[in-house]
Every structure is written in C-alpha cells, then in structure tokens.
Amino acid sequence: MTAGPQDVEHVVRTIAQTALDNETYFGELDSVVGDGDFGYSLARGFEKVVEGWDDIDRTDPGTFLKKVGMIIASRVGGTSGPLWGTAFLRAGSTAGASAELTGEQVVAMLRAAADGIKARGQSDVGDKTLLDVLVPFTDRLEEELTGGADGGAALAAATRTAREAADATSEMVARKGRASYTGERSRGSVDAGAMALAVIAERLTQSWTTEGAS
Amino acid sequence: MKKFVNDPKQFVPEMLEGIALANPDTLTYVPEYNLIMRSDAPRDGKVSIVQGSGSGHEPAHVMIVGKGMLDAACPGDVFAAPPMDYVYETTKRLASPAGVLLLVNNYTGDRMAFDMGREMAEADGIRVEILTVDDDVAVKDSLYTIGRRGVAGNFFVIKAVGAASERGADLDELVRIGKKVNDVTRTMGVALTACTPPAKGSPLFELGADEMEFGVGIHGEPGRERRPMTNADAIVDELLEAVASDLPYASGDRVALMINGLGGTPISELYLLYRRAHQQLAARGITVGRSYVNEYCTSLDMAGASLTLVRLDDELDGLLAEPAEVAIRVF
Amino acid sequence: MKKFVNDPKQFVPEMLEGIALANPDTLTYVPEYNLIMRSDAPRDGKVSIVQGSGSGHEPAHVMIVGKGMLDAACPGDVFAAPPMDYVYETTKRLASPAGVLLLVNNYTGDRMAFDMGREMAEADGIRVEILTVDDDVAVKDSLYTIGRRGVAGNFFVIKAVGAASERGADLDELVRIGKKVNDVTRTMGVALTACTPPAKGSPLFELGADEMEFGVGIHGEPGRERRPMTNADAIVDELLEAVASDLPYASGDRVALMINGLGGTPISELYLLYRRAHQQLAARGITVGRSYVNEYCTSLDMAGASLTLVRLDDELDGLLAEPAEVAIRVF
Amino acid sequence: MTAGPQDVEHVVRTIAQTALDNETYFGELDSVVGDGDFGYSLARGFEKVVEGWDDIDRTDPGTFLKKVGMIIASRVGGTSGPLWGTAFLRAGSTAGASAELTGEQVVAMLRAAADGIKARGQSDVGDKTLLDVLVPFTDRLEEELTGGADGGAALAAATRTAREAADATSEMVARKGRASYTGERSRGSVDAGAMALAVIAERLTQSWTTEGAS
C-alpha cells in the first residue's frame, strides 16, 4: 500500500466531513459525563480547515498535514483543539518530505500522533480517551499490513478493531479529561473522542471501498 | 430553547459586542480573539493579568475586566477553553515590561492552551507566569484526575492579584499572593436544573423533579452524586461540611463567605443560603469577615449555587477591600 | 419545586435575615415589619426615602437600601403589597424633620396600603409625600385599569431621588425630580418562562416550548399577548418599538438604556439583547449615554427581560452618575 | 331573624376556616390572569385572626368585627388586606353597640362593607371583582328577608345567587385589580375574590343547616 497527496487530502476531507455530519451525535456523547461541546468544537475546527482548504500549503503530504494541525491547534478551543492539532502536527512531521507514503510510514505517523496526544494530554491507553481507539487501531493496521494484507483489507480490519475498542470504552472509568471528575459514574457510557475515531475510521473504510485506493 | 439567542454560533461574539458597546470608554474589544481588554492596558509599571476560560460563566471573566481586576479576558466558545492563538495574541497585546500573569482554571483544555500560548509568547521575549486555580472540593480523588477544578473561588484570586498589581506588586509577588489565596479557598456547588448550551439547544442532562446534582461542575459536568432534593438549610449544611472540613477551617478563623448563583437561581434564594451558612459558621466559631452574595461564576442558565470559603488574614482582607471598576455593575 | 427554600411561609423573613447578616454594619433589620433600613437613618437634614412593594423582585427593593438609594424598604410577601402597618411603622421609624418620601409602584394593593399608612403617619405629625411610578408601556388602555404598572424603571426614580437627597434636596424638590424621571421613563418586558412563587410551588402559568409572553408583568401577570418565540434581535426590535414610540424618544435624544433580567436569564443573554438595542437606537439617531445590564427588578426565577429607556438631560445625567452603596454588590 | 354574639363569632370562624381550607384553590383561581397569591394572602390573614382569637375584644358584635377588620387591614398585604379589612371595619361600625343584630342590620352591615370596598378600591359592580358577588348576595338576602323568609331560607337563596354571580364573572372583562392588565384576556375565567365569597356563602349556609340558627 502507498498513499499519495490525493489520498492524504481525501483522508483529511473525510475526517472533516465526518466531524461536520456528526456534530450533534458527538455532542450528545460528550453530554453524558462531559460538557457536551465535543461535537461543536470538532465541527467548528474542521469547518475552519475546510474554509481555508484551497490556501493550505500542499508542497507535500507532510506539510499539508502540519498546516491542518496548525489551523486546528491554533484556532480550535476546548481539549480537542490542542489534542487533535498536535496529532496532525506530529503526523505531518513524521511524514517528512515524502510525496508518496508507504504503509510503514502511515503506521509511524499514527504512532507519532498518539504519542503527541499522550504527551500533550498527559494521558495514556486505559484512561478512557480517544487513545483507547487510536492505539489499537494502529496496532491492528500494522499487524495486517505486516501480514501482507492490502491497504483496503488492512483498513477494514483496523476499523472493526476501532469499533470494538470504542464500544469497550463503555466499561472503563475515565481517568483523564472532564469525564474523569465523575469517577465511577463515567462507567456505562462510551467516550466521545474514542467513538468519534471509530466513526471516522468507518467512514474512511467505506469511501476506500467505493472510491478505491491508489 | 427558551433563550435570547440568534445564531448559536454567534452567541459569544454577540455577547462580547454587547459588553464593548456598553463600555466604550473603558474596554477595547478585539473580535478576532474574543478579546476584551482594558483600554488603558498594558501599562509599563503594571503586570497585566489575563484570564481565558470557556464562555458561559459570565460575569466571569469578560465582565470583570477593569481597574483592580483583570486586564483582559479571551474566552473560548461556551464551555470550551480558548484556542492557543487567543492566548498567544492576547499575551502579545497585553505584554508589559512588568510581565503578564495568566490565570488558568484547572481544566485539561485550558492548561494545554495556556501552556502552548505561554511558550510562544516567551519565545517572543515576553515574561509570562501561569497561576492555576483549583478550589472545587467536589473532585475528591486527585490521583485519577488532573486534580481539582477551578470554579467560583477564582474570583478571590483575581480580586487579590488585581488589587496587588494596582498597588504595584511585581510578577513574583503576584504569583505568591495568587497561590496563597488559592491555598485557602474551597468551593462546592449544587445544581437544581441542567443548563442549556445555545449550540446544543437542549439541557445538558436530565434531573428529575425531586433530584439535585451534588458537587456539580460549572460546565454541567455531573457531580459527586445525584441526590433527592432537600430544603435550603439541609443543602447548605452539606455544602458547608464538604467545604469547611476540607482545608479545614477551624474555630477562630475569619473567612470570606461567597454564595454564588449558577445563573438561573434568583438572588432572593441566594440570601436564604447565605443566612444558613453564616449562622452555621458562627456555630463552628468561624466569623464571616466579608460576604459575597451574587452571581460570580455561572453555568449558563443552570439553577443552583456554590458555596466558597476563603480563610482571611490581614493581607488578604486588605486586598479584597480594595475598590474595583468592572463592566458588571449595578450603577 | 426546584428552589432553595425551607418553609415557604418563611421565604421572605429568611431572605431578609440573610441580607441583615451580610450587612451588619450598614443595615438594620426589624423582623416584625419586614423592614430593612439604613442603620444611620433617619438623619435630620435628609428626607427619608422608603419603598414597599411585594417581595420576589430582588434586588428591588430590600437589596438597594443604602447610601444614595433607599433609606428603607418594607416589602410584603411574595408579590403582595405590604400591609398598611408595615408602611406606617416604617414611616414612623424613618421620620425625619425633612420628611419622608414614599415611593409606590402603581398597583392597587400598594396604593391602598401606602395611602392608609400615610394618613396614619400624617395624623402623628410626620410630613409624608407619595410618588407613584408607572413606566410599563405594556398596559395600554388606562381607562380600564388603574393605569400603568410600575416596573424596572423604578430603579431610575430611586437612583435620582436618592442622589438628590444625599445632596440635601428637600421633599418638594425630590417629588419634582421623581416625577420628572417617571415622565421620561418607559419599560416593556417579555417572559420566556413563568415564575414559581415558593408558596404556590408550581409555575404561575404555562408557556409552550415555543411561546413567549409579550408585555408580561413582574408578578407573572399575563402580558399583552402570547407569541411564538423568535430570535433575540427580533424580540429586541419589538420591545424597542413599543418603548421608543411611546414617549416618543426621538432622533437626537440621549438616553439611559437598561436591559433588566427577570431572574432566570443569565447575564450573557442580557448582553446579547443590549447589543441589538444599542445598535437599533443608534440607527434611530438616539445615543446611549448610560447603560445598565443586570438584574434590577426581577420576577422570582422567571426567564425573560425588560427594556427601559430614560431620556436624559444634564440634571438626570448628573444624578444617575452619583455613587451609591447598597447590599447588592459584586465586591 | 336575629343574630347574637355567638352567631357573629361563628360567621367569622367559618369565613376563616373557609379561607384556610381553600388556600390552594383560591390561589389557582388568581393564577389564571392574576399573580396567584390571593389564596395565600387570605389564608395568612385569617390565620392571624385565628391566632389572636381569644384576645379579640368581645364587648359587642360590632367591636368584635372592627377588631377583626383591624387585624386584617393592618397585618395583611396585597390588595385583599386593605379591602377585606375595610369590609369588616365598616360592617362593625354599622353594627354599632347592638348586642343582637336584626336582619335589617345585617343587610345594612353588608352594604356598608360593599361601600367600603368600593371607596377603598375605587371600584364598582361590573369591574369583575368580589363586589360582583357581594352586592347581588346582599340584594337577594334583603329581598328574601323583606318577603318574610326566615334566616336560613334567606341565606340559602342568597347563596344560590352568589354562586350564579360568581360563575357569571367568567363572562366579564376585568376593569380593576391585577387581572385588568390583561384586558380581553381576562374573559373566560372567574374572578378569584368573587368565587371566594360564593364558597364562603355556601359554607355558611351549610353550617346554618347543620347547626341551626338562633
């Protein structure tokens, strides 16, 4: 599997569209033990990305992702702005100046994104955050690609893992973020950020199937 | 949604524009960064004091910008920490040779935005300190969280450092004073109804007709526990027990007592709460030296209240007694 | 009932006790007559200014007793004029050689109680004048009613006569000034929800999810008409049209603009209303010289707001600018 | 028909008890186009009368009624305090020093009460107030007594008139009191004060029947 500039743009567009389409749903998820603004923050953030779309520097995929990360980190508030912004920034840096990204590179970029979130959020897997989807998703993707699966199949498998992992956050007690204030009461509902990643993965898998990949 | 609102996305900018229109002589509004600042800031000899936070807590913090309080506030959207850019641009505009003090209520989003904004400002050669406020005793176990939340007690930190900075205190001194106030300040709140964020358009959670949310957060986060509704005196007794035993405040102490309305509770009810708290403190041998009954840090239209105690000494008493001139006013 | 209340019958006394406990140095509380008075009143050279009214409108009027405002308030129960005895006993206690000015919002019950109280006080040789306030333009046809209601505009009458009496104005002069303010003051309100009187325990009326009560009274009396809910700007435009065309206020006028919260509406929303009103006045060539955005005269926990205009001249401007010190305060 | 001190006390007690028993109902009536406090004001007022009951001067029925009126007028707020207080004061004054009251005297006392309310409230029959029950009730009572009916029969007939008159206030537009602010919207609901008088009359009739009259 390789991914070119078009693919990276497609991925970012799909993420943006998913955030915009699910503003209410993501907000409802954040209402249960959070403050309900996650859907709104994410939508406003990617709205800004879409608004500035044509002006984003496209020298290479890495630069493109870094610019997207800058927009989100600098112009989006809440917890999600810094975290998602950092994730895109780190992924972009890891891509370097490559025009085409290999499967290995994609995995490395996702790991860099997760590490960025961990550092910025002082959090880790097990805290009931989006990391509890991002990390298993990346693990599975790597596993599938290493095992010889093609891009589409690997993505589809990782997406199933993401969905399972997102659902499983329901059993966890939040230890970071606003939900953590409720302690035991956070058990019984899925984490909003985690579920958002699963939904994004599903959307990517779907468009991969319908539009094919390079 | 029973609210005065136009486009929910314009809720914060339109509110800020209202504040600016009502205070043309004293405040400057920079729409790009949700920034409300004193028109006479920065001043060379004075540390600039800045607060961010999410919106929806008014009068905190955009309405307490003014002489003796904040020099600027750059809130994010409703219940969302400001983007890093707001913090950075605000810090640049408020940069004084005496430095900039960034006040941060202890939430993940706010801490990240202010840390990042500070790094960028320092890279520009601006002297910046961050002071974190975390007065909410509702959040018990700090091992599992980023620690206590910053809520209404924040007012006292702002008031004290605001007064000290008008007197000419330097940045280190302000940090010392702010930490000292935070150390002797404790708050706990209770919600009778949920708030309705404009962008959501419906209540953030559902409370039964006979339920209250004890230890609620100011962003509508659920609290310690949901309990059956009781009368005003019983509610005060429980809030007071949680707050007073935390520091602990002891017989012989002199305190400031704040009853803060969360947005939907009329001030008449706040005075009922005040009465009981004052009497029960007296019964514990604790004297109320300063009283505060009003809305200071709200949660949109939430019905509810919080109780804050600050242990006073002569230094704090003097700072809290200083005058201040802010947008939120009666006259 | 989602309220902070103990025995509903004790709602008013307990609130008053809270006010007294919070202001031990400046206010005196006489429980028998729901009387909150300045501890330094009456003074020989100063007319004493007294307001009654029902309770449930806080901060009006028990929380605006103090230097530069009222010398005393003796409210009745929630939404009920005080008994005649309260008025009489209060007038006796406030009797100054300079006389006593009784401010009455124009309602049947209040007028009767104050007329009777005044007769009794005059029989004791006390000099008393009554000043009636009626600023509510929602009540159109004065033939069928006792005339317009007194609502939030009342604040300006109190502020002006309070300031003038501190300057030493005599009783006749205060009556002149009070009438003058009342003559140039107009108000209209809108309710988004009904209020819940503690003794009733349920909302006074039912408003559908998409309805608002236009021209509502501050006692939850229904208003001009029930209308479908619209956005904040459209609501302001209608309130402003009703108010501004009534006097009428004209291009070139300088006014005080008040957006008064009715108790359950957060101050953030009030500033949204302020913004539009300020802009629309500017479009009419009317300048806002003084702005007031807060709760002044509420209707318990009702969500809603009223808009008041006062046409300013140099005399009124000067009186409104005078300082005042009251229980309701932020610092 | 004659009425002695015991009867007058009984009437006042019955009025007080009716006010206390109907606090909620009267309040609901006042909520429709008023401010909902009528039941509360009336109940608190008569509570004060009952509290001071044993200390009220009983020199003669007139004095007793005047003292009751003083308690209500001076200690009860709202519109009802001054109006009901005035009514009792005027009735008491009209009774003079008589120990026994004739039917004619009772009628004259009721007229004095109505006139007192009119003067104090600057109102009249037709304004949709308690006067729209008090006046027809008094007219009918006089008519019956003049026609030779005994006390019980006359009261029963006047009470039927009171009920009809109270119901009929529903068709009226309020011109005095808080309800008048709503103009046409006050049509369609009965006046709270008017209905309270009808309920009181019914209670009096009932106790007259069960306990007999002197």
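In order of appearance the chains are A, B, C and D, and numbering begins at 1 in each one.
One rule holds in what follows: a residue touches a chain if its C-beta (ideal position, glycine included) is under 8 Å from a C-beta of that chain, and two chains touch if they have at least 3 such contacts.
Here the structure is a predicted model, which means the values were calculated and not measured.
Participant: Shared touching chains for subunit A and subunit B?
Facilitator: Intersection of subunit A and subunit B contact lists gives nothing.
Participant: Taking a step as a move to a touching chain, how many steps at least join subunit A to subunit C?
Facilitator: The least step count works out to 2.
Participant: Quick check: how many Å separate the C-alpha centres of subunit A and subunit D?
Facilitator: 75
Participant: With chain centres defined as C-alpha means, what is the inter-centre distance between subunit C and subunit D in Å?
Facilitator: 33
Participant: In angstrom, rounded to a whole number, how far apart do the mean CA points of subunit B and subunit D lie?
Facilitator: So the centre of subunit B lies 55 Å away from the centre of subunit D.
Participant: Between subunit B and subunit C, what is the gap in Å from one C-alpha centre to the other?
Facilitator: About 29 Å separates the centre of subunit B from that of subunit C.
Participant: Answer with line, ring, star, complete or other to describe the graph linking chains that touch.
Facilitator: line
Participant: Would you mind giving me the full set of chain pairs in touch?
Facilitator: A-B, B-C, C-D
Participant: Quick check: in the complex, which residue numbers of subunit B touch subunit C?
Facilitator: Of all residues in subunit B, those touching subunit C are 2-6, 11, 14-19, 21-23, 55-56, 58-59, 63-64, 159, 192-193, 207, 209, 212, 229, 231-233, 235, 263-275, 278-279, 288, 291-296, 298, 300-301, 303, 305, 320, 323-324, 326, 328-331.
Participant: In the complex formed with subunit C, which residues of subunit D make contact?
Facilitator: 27, 31-37, 40-41, 44, 73-83, 85, 120-122, 173, 175-183, 185
Participant: Could you pull out which subunit B residues touch subunit A in their complex?
Facilitator: Those in contact with subunit A are residues 9, 54, 76-86, 88, 107-109, 112-113, 116, 138-141, 144-146, 149, 197, 199-200, 204-205, 217, 219-223, 225.
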